[in-house]
Structures are given as structure tokens and as C-alpha cells.
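There are two complexes below, and they share chain A, which is joined by chain B in the first and by chain C in the second.
== the complex of A and B ==
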């Protein structure tokens, strides 16, 4: 499953620790390890880049990218995946934010149950989840998987469920950082209604947390293969998967694009968390 | 809505709270799309194909096809978890205590966030261009007269998949173990230096024992991470390398086991193994907090 990272969401970069003295020996060792890591990480990227930019015509060109983005099939599947991703984020936020808020404010005793449920996607792998979904929704009384459109709704809801670990973590961290009770009481004493409180007081204070969760969800959903494949959805993941077996330059271009998207999402998250008010700032930005 | 503070008048029982109703939407959604599907599989795995309750499906897990798939998944998960774990730990150590320029640190953190989420089709594709038959590194070896594919290596077998999985395994180790490494107190280092310990002795007898629950816990987490992975292996081999997840996928599309009930049992076995590893991880994490909180 693409949803790899377990209970780890991008954490705030730690405050700079005190400089540590390192002996000459360990310094050499550290460099060697770092170098090995860098090589292992960059080799696939360089190889992919080489294919993407050079495989057609043997000279540097954007031809592969041009072919990909003018491919109507790419546009269709990618467009569909973007819509799915946005819908997933909306559904996930609508389920998680009120729940996390309510739990923090009213029923803190139930926190561990909620936490447990949100972590279930790590216990139920995507391939098992889609297996169960198919068995659950293909027979009466819940025969929903009949049409493409209704199956798509199941896909989006399954994605939302798979995003729970990241979304809940992110929102819960955000709620812990602000004083929910005080803010709520202050708003109430000024006569605010519940929707006003959630929409105009809690939401703005959680902006960074919500954006982080949303970006991470987007990065995961956009190229997801397993669930879409077995639900028979023509999204970006299955499209790429077919292309990889038949072409060379085009999938390389798609890989570079996917990587850029993931990197963009993660970079944006760490930028957001770093400039969050109330957090200690890094002395310099990379 | 109820009032915010439920201060009960003394001697009077507080009114029965209806606050739990607020999490009902969440519970319903989770039941429909997370718990429900799992429970359906559990129930079906306990039913005989002809009807009635049975444990027969679980007894049939000793089917050679199933055992082979589980075996392959377990082997690949153990190897990538241990190697990825050790390498990830060394990397985290290198950036925190190795005296490297500070810029590496934020770079590695962001990179780890990217790489640990960069699984699936693009990852498989990237490695095909690198270590596939016409891949860049394969060509590089060929240039020096070494044919990688002459040896046991192939991108599409056990060792190939191991190399590919490492791409999301060790970054996850870096992300999870960095906070633990940062939790080592300076005083411990100073104390051991005052007692005449070398750097190696400090790591061997102080730092590593304190870190051990975190390290073991994270390695178990990596095990589960690899064990549940499907998309990368599917995109890479098109389903020819029979991992447990690939077997379940094949069962979804065409009942390859020719036994519906057994298919459900295989899926539940997977959930059981994942549950055990996540549970063990949680316990070890809690233990680690004793020293590193």
C-alpha cells in the first residue's frame, strides 16, 4: 500500500541541539554513511531523469513530458485522481475535525478508542481493506458497487479512512497546541453559536495542522494503485502501472512528475510547520 | 446543546451525559469503511463454503501456495526491516552526532518524509530505470564487464524487491528514531566521560541500552510496513512474485486458491500479523518513554 509511513507524520524539525563534538574517526564514519545514503537515494532519480529527458532522440528534450501531458488518457486519469484526492481531503476533514474537537473538549475518556480506530489502517493493509469492501458492497442489501460512479464514492470513502492516521495525528497535535477549552468558552461568552465557534475560532487556529494533513493525504491518494485497481477505477495509479510495462520515456516522465509532487507536498508541510507562530524558528532555512 | 462545564450540585447525581453522541458520525463512518469490511472478512473466514461455522479455512492455511506466499513476505519484511533499520539508525546517528554540516539535517528530514511516502508505481518505475535489464546501474556494471543478471540478482526477484523496499524503509527508521536519539541526555555522556569511558563504551553501555526498545520497536514497525505493501511489488513484477499481499490481490480478481473461504483466512492471517507487529511496536515505544520522554 502506498500509505506506508506508520504513526509518523512529518514532525516539526527539532530545535537545534547543542553542537556535539565528534571524534575524527566517527566523523569519517558519518561521512561514509551519509555518502552511501545520498548515492542510494539519488541513483534512481538520476537514472529516471536520464530516461525522461534523453531517451527520445538521444538529446536533452522535454519531448517525453510533452507526450505525457498531451496524452488524453493521462489528462483524464490524472484529472480524476485530483478530484478524488480533493474529495478525500474534504471527507476526511469533515469526519476528523469535529470528532477530534469534540473528544478534546467533551469526552477525553474516549480519546484512546478514537486513536485506536484511526490507527487501524496500519493493521488492515489496503489490499485486505479493498477485499472486504468488495465483499461488503457487492451484495444486497448494500449492492453499491454496481456502477462506476457509486464505486467511486466507495473509493473516496476508503481513501478517507486510510488517511485517518495522518489526519487525526495532525489535527490532534494542532488541538493540543492551542487551548481549546479557553477559546471555546471565550467565544461562547461572547454569544457565538457552535457552528461559528468551529468555523471562525477553531478552524483558523488549526490552519497549519489541517493543511499538513491535507497535503499528506493528497500525496498518498494521487497515485494510489491497490484500492483503485481492484475497484476497477480508471485513475492515475492504474494508468501509470500499465504504462510502466509498455513504454520507457513516458513512465520516466511520470515518475519525475510524481516525485516532484510528493517533494512539493512534503516541502510545503515542513515550511508551514517551521513558520508556525508560537514555534521556535529555525535559525536558517534550507 | 449541553452547557460547557458540567459542575454538578453537591449531593445530586450529574445528569446522564449524552456527549458521546458527538463521536457517532466518526464511529459510523469507520464502521462502514474500515471496521465493517474487516469484520465481514472475519465472519466469512469462519464460514464453510457450504454454510455453517468452521475453523476449516484456517486449517487449510498450510496449503503450500499459501505458506510459500507468507514465507516470502516474512523473509522480505525481516530483511528489509533489519537492514533498513540498522542503516536508518546509522544515518540518524550520523546527522545528529557525526559532526556533519547542519544543512544535511534538515535535508535528510525532508527527504525522509518524501521517500517514506514515495512507494507504489513511481518507485517501481524508478528502480526499473536503475537496476532493470536496461537500467543505468546495470549498464554501468556492464561497462566494467560485470553482468548483474548473470548472478542471482534480478530486480524482479527477492533481492531486487529488497533493494526497492529499502527506499521507503530506511527513511521511516530515520523519522522514527531521530526523536529518540535526540532524547539522549548530555549529562549521561558527560558522566560517562568523567568516569573515563571512551566514546565506544558510552554507546555500547549507556546509549544503546537506553535506545534499544525504540530501535527494536521501530524495526518491528518496518516489518509491518513491508509486510502490508502491495502496490510497489505489483507494479514491479505484475504479480509474478507471490507475496501474501499479491496472493490476496490475485484471489480478489480470480479466486486463484479455488477456495473462497481460504482466501478470507489468508486475509485475516495478514491482519493478525499486522496487528501483532503494531501492538508490539506500541508496547516497546511506551517502554522507551521511561528514559527518553
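== the complex of A and C ==
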């Protein structure tokens, strides 16, 4: 007996007009735009890297980085700029945090005016600012630009002013994210004084905002050229500028280092931002 | 002498008066609610007791001590906010112990007090949780425990249940009263929810436009309102227009209504006869009767709300539900009745 397998019938699906996939074109366009963006941002970086990593002929090496890092001026100027940046962050925090807190709590109507004032460094070019400072502080009664040290104080104050747009925005966003008034009143009703409220209630809840502002300020100060140059300060900005004028591979290496530092700072901010306040588990009390 | 005294307190913001001539004496351990619509000045008054606002005029004292000009952190007053206001960077235990730490209470004593309060709010195992890990109801319990931790002389609650859903609100309401009675703490509670005020309070202060309209126990406020505002704001109320005949009788359309509360207005004056919906009955009665046509019948569970049209005027009757209740039909002509002692008369607007 022969068993024949039943014929396999392949049913042809009814002809359906293929619908035009909505968004398919826009998807391609999105990819094109993204690729163009990637090229726009990364091509110069790749070219700079190429220059930095091939300082000796066509051989891949870290020679340019070695030369930069072992240059005694690099460490000296970088160290000086780091100290300037830290001092700027402290001054900026001391001015901006109490101001933003007070405006949010007591005079919210002034917020737009304060915002405008903090935005002035975007409008006034650094060169105008520095000439203003020189005119102001080089003649009596405020002639304090006599020594390198005193001029450095002016430099830090100028940097603090330049950091205001970033610092104020960061702090203000942080304050908007928490209910400042109610938290303040709750702490007051529990017996807290103003310094206690700021230190133990407001500051810890602004941690991410303050770090963002601080890191942005750091990034601005570390490579700032105009103000430092005109005030005769031997900081990292003028060092980089000098390097660009006299060498080829070293400035490229320095650029790569700056990028790495900036990206590192941004990554750190992003990491902290993901960690909401209070998510950190504390040690269980016995 | 009363424990908490507000003496001729007034508060002005710019040119407008938020609170006018506020006089109140609260006994120790008493639970008093400030009840009124938005903008009536109840929260402003509470904030003046807390020290967040300074009275423009008047004096506030707690336990005989004048605190009118004292800073909020010097008053020893516990405050619970509508938005919980827990410190997000601290655990539940740290939140509750915050005030004690500021008072430099020892670590062991603080821990013991925190544990005691977490037991009181039925959250003994949540000490290490952060506020964002808790539900709204739990957060408000923690806020209450935090306010109580410092053993305040007066506990202030500013609409603490407004942000919660109905079921949690009911549960927490009972909890607040239980805790208040357990600790025998003088409490001021601000709310716009009359049911909340009635259920919780020893006395209710009804406020309108910055003025105290009436102060009294919930029973008195509801059944014997002294002003038209209190009568209409607290509970539902039928206002039947009429004209005074004599000190006990009002002519309302074709019917004459009697009241046992003497009418002060002279004969011929236009008045309204006030009667609560739950005082009305469908069917003929021995005293006051009105005739109307049923407009709607709404079954609400424990009560059945019947709306009866009398010409252009609408009268609401709340009938207590029972299994043998015979509900009227819509468009059926019915007689409504109520006893003479159930109504009172107020001059028409």
C-alpha cells in the first residue's frame, strides 16, 4: 500500500496593496542627519587625534602627549589654573547659592532680574570685561593690580562673574526641583536656624546641581585665555595658546587631553544626575 | 487661662486684609479646626501661629508666653504640611529624629523616641526607607511623627489629607484623631473639607473672607448656624422663600410653615425658611407640608437624594436608605413634610 503524502497547498495570500510605511523616509532622513552630525563633530577630533598620535612620521606613538606632560610649564600652569578654578567655584557658590535661595524663598518677583544680571557675561565680551577691570583697579582709590598675587584675586573674581550664567542656572534648576519654601518652613518648625537649614536641608538636596555648576565652571576656567592674558597671568590658557603658535603635534595632544577631561566631567555629572537624592542606601543603625 | 490665645489678630498683605479681628482661646489638649473656602484666611492664621507670618495687629500666646514676635524655630510648634515636606536626602528615621538632633538630644534617647513614634504611626520597619520609597499616606504619617518628635506645645496641620485619595484620607483621619487623643496634644487643623472638620474636631472655627463666622462644636455649627454663610457652607441646606406672618409662621406660596425658633423679623418681611435635606420626609406629616413634583431620584447608598421642584424652586430631600423604602417616581407629585423644630428663618438677601 502506498501512502501518498497529501499535496502541500501553498495558499497565496490575497494581493494586498503594500501600505506605504509611514515614517520610513523620515527614519532614513534621521539617520542621515545623525551621521552628518557625527561627522561634523568627530571628523575634526579624528584629525586632531591623527596629528597627536602621529607626532613622529607616520608611526603611532604617545610622543606628543609625553612632550606636553613633561614640559615643566604644563604642570605649573595647569596647577595654577586648577587652583584658580577651585577658588572661582568657591566664590561663585558663595555668591550664587544664597542669592538664588533667597530669591526663590523671599523675593520670587526678582528672579527675572537676577537671571538677566547673571546672563550679562554672555553679552559683555571678555575683552571688555578685562579692560573694565584694568581701568577700575589700576588707579586710585582701588589700585590693587600692582602685584601678581593681587591681580590673581581680580582674575578669580572675573572668572566668578563669567561662571554666573552656568552656576545660577544649575542652582536655580536644583531649587525648582525641590519645594524650597516648604522644606525651609518644615526645618524651621523643628527648630532649625538659617545656617542649619542651608547646610543640612538645602545643600544636600542641591548636590547634583552644585556639582554640575562647579564642573562647568571648572571647564570654563581651566582653558580661559583672554582675561588671563590681559591680566598677565601664567595660567593654562596662555600656555596652550603659546603651544599652538610654536608647535604642531603638541597642541593636538593637548586638545585631546582637554576633551578627555571635559567628557570625564560630563560623564561624572550624568552619573550623579541619575542617582536621585536619597537613593543612596545608608548604613543601618544598630 | 486658655493654652493657645489669639487676641485681636489681624493680617494685611499690601492693601488687602487676609485676617480680620481674630479672637480665639484654645484649651490644652483641644482639637480645633479652621474651616472655610479657599482664601478665607485659615492658612494665614495657622501660619501666624507657626511664626511664618507676623500679625499686622494683635497678640498670640502659647502657655501664657507671648510668641507674637518669636521666630518659628523658637516656638516649639509642630507643623504638618499638605505636601508632606519630608527631607528627601534623609531616611524616615533621620527625618523623625531631625528636630531632636537639633535640640542636641542624646543618640540613644533620639533612637528610642524615633522608634516609639514609628510604632505610634504603625511603621516600625520603615526607619531606613527614604521618602520616595513610601506612599503618600505613609509620607504624611512620617511627617506627623516628625512634627510630634520634638514634643511640641501645639500641633498645626495644614490640609494634611488634601493630597491623598479618599480611602487613605478616611484611614489617616482616624489615625490623626487617635494619635492626638493618645498624646493629648493641643491641635489646630486647617481644612476646607467640612466632613473632615466635623469628624475630627472638638470645636470648629468657620471662616469667610478673613472673618470668623462662628466658633463651636460640630453639632452646634451644623444644627444651629448663626450666619447665612455658615448655614450654606456647612452641609446642604434648603432655603424656601416666604413672608413672615407672625413670630412662628411664614407664608411660602400657598403653604404656611411653622417654626419653633422665634422669628425676629417683623410681619411682612421677606425671609427664607432654612431646613436641612435630611429633615425632610416624603409623605404627609403633622406639621409643615409642601407640595412638589419629583425631578430626580439618586441612590447614593446610605441615603437616597430626591430633588423636588416647586415651581422654579428646587428642594432636596435626603432619605435614609432602608430595604422597605418606597422610592417616588420621577414626575410624581409628592408631599414633603418636616417638623417645626427642624427649620429656622433668616432674612432674605
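The rule we apply is simple: the second predicted complex is superposed on the first by the 252 of 286 C-alpha atoms of A that agree within 3 Å, B and C clash if a C-alpha of one lies under 4 Å from a C-alpha of the other, contacts with A are read in each partner's own complex, and residues count from 1 in each chain.
What we mean here is this: contacts are C-beta pairs under 8 Å (C-beta built on N, C-alpha and C of every residue); 3 or more make two chains touch, one makes a residue touch a chain.
In this text the structure is predicted, and so the values were computed from the model without any measurement.
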- Message: Quick check for you: in the superposed arrangement, does A:182 touch first (chain B), second (chain C), both or neither?
- Response: second
- Task: Specify the partner with more touching residues on chain A, choosing between chain B and chain C.
- Result: B
- Item | Touching partner for A:34 - first (chain B), second (chain C), both, neither | first
- Query: When the two structures are overlaid on chain A, which partner does A:192 contact: first (chain B), second (chain C), both, or neither?
  - Reply: second
- Task: Name the contact category of A:83: first (chain B only), second (chain C only), both, or neither.
- Result: neither
- Message: Is A:124 touching anything from chain B or chain C once the two structures are fitted on A? First, second, both or neither.
- Response: first
- Note on the structure: Residues on chain A touched by both chain B and chain C 185, 188, 282
- Message: Quick check on the complex: what are the chain B residues that touch chain A?
- Response: 1, 4, 19-20, 22-23, 25-27, 29-30, 32-41, 44, 87, 90-91, 93-100, 102-111, 113-122, 124-130, 135-137, 166-168, 170, 172, 175-176, 178-179, 182, 186, 199, 221, 224-225, 227-231, 234-235, 238, 245, 248-249, 251-253, 263, 267, 270-271, 274-275, 278, 281
- Query: Which of the residues in chain A end up touching chain B in this complex?
  - Reply: 1-2, 4-6, 8, 10-11, 13-14, 16-18, 20-23, 26-27, 29-31, 33-34, 36-37, 40-41, 43-48, 50-51, 95-96, 98-99, 102-103, 105-107, 110, 114, 117, 119-136, 154, 157-158, 160-161, 164, 181, 184-185, 188, 194, 216, 219-220, 223-226, 229-230, 237, 240-241, 244-245, 248, 251-252, 254-255, 258-259, 262-263, 266-267, 269-270, 282, 286
- Message: Considering only the defined contacts, which chain C positions touch chain A in the complex?
- Response: 50-52, 71-73, 75-79, 81, 83, 85-91, 93, 98-99, 102-103, 111, 127-128, 130-132, 143, 146-147, 150, 156
- Where on chain A does chain C make contact in their complex? 178-179, 182-183, 185-193, 196, 201, 204-205, 207, 276-279, 281-282, 284-285
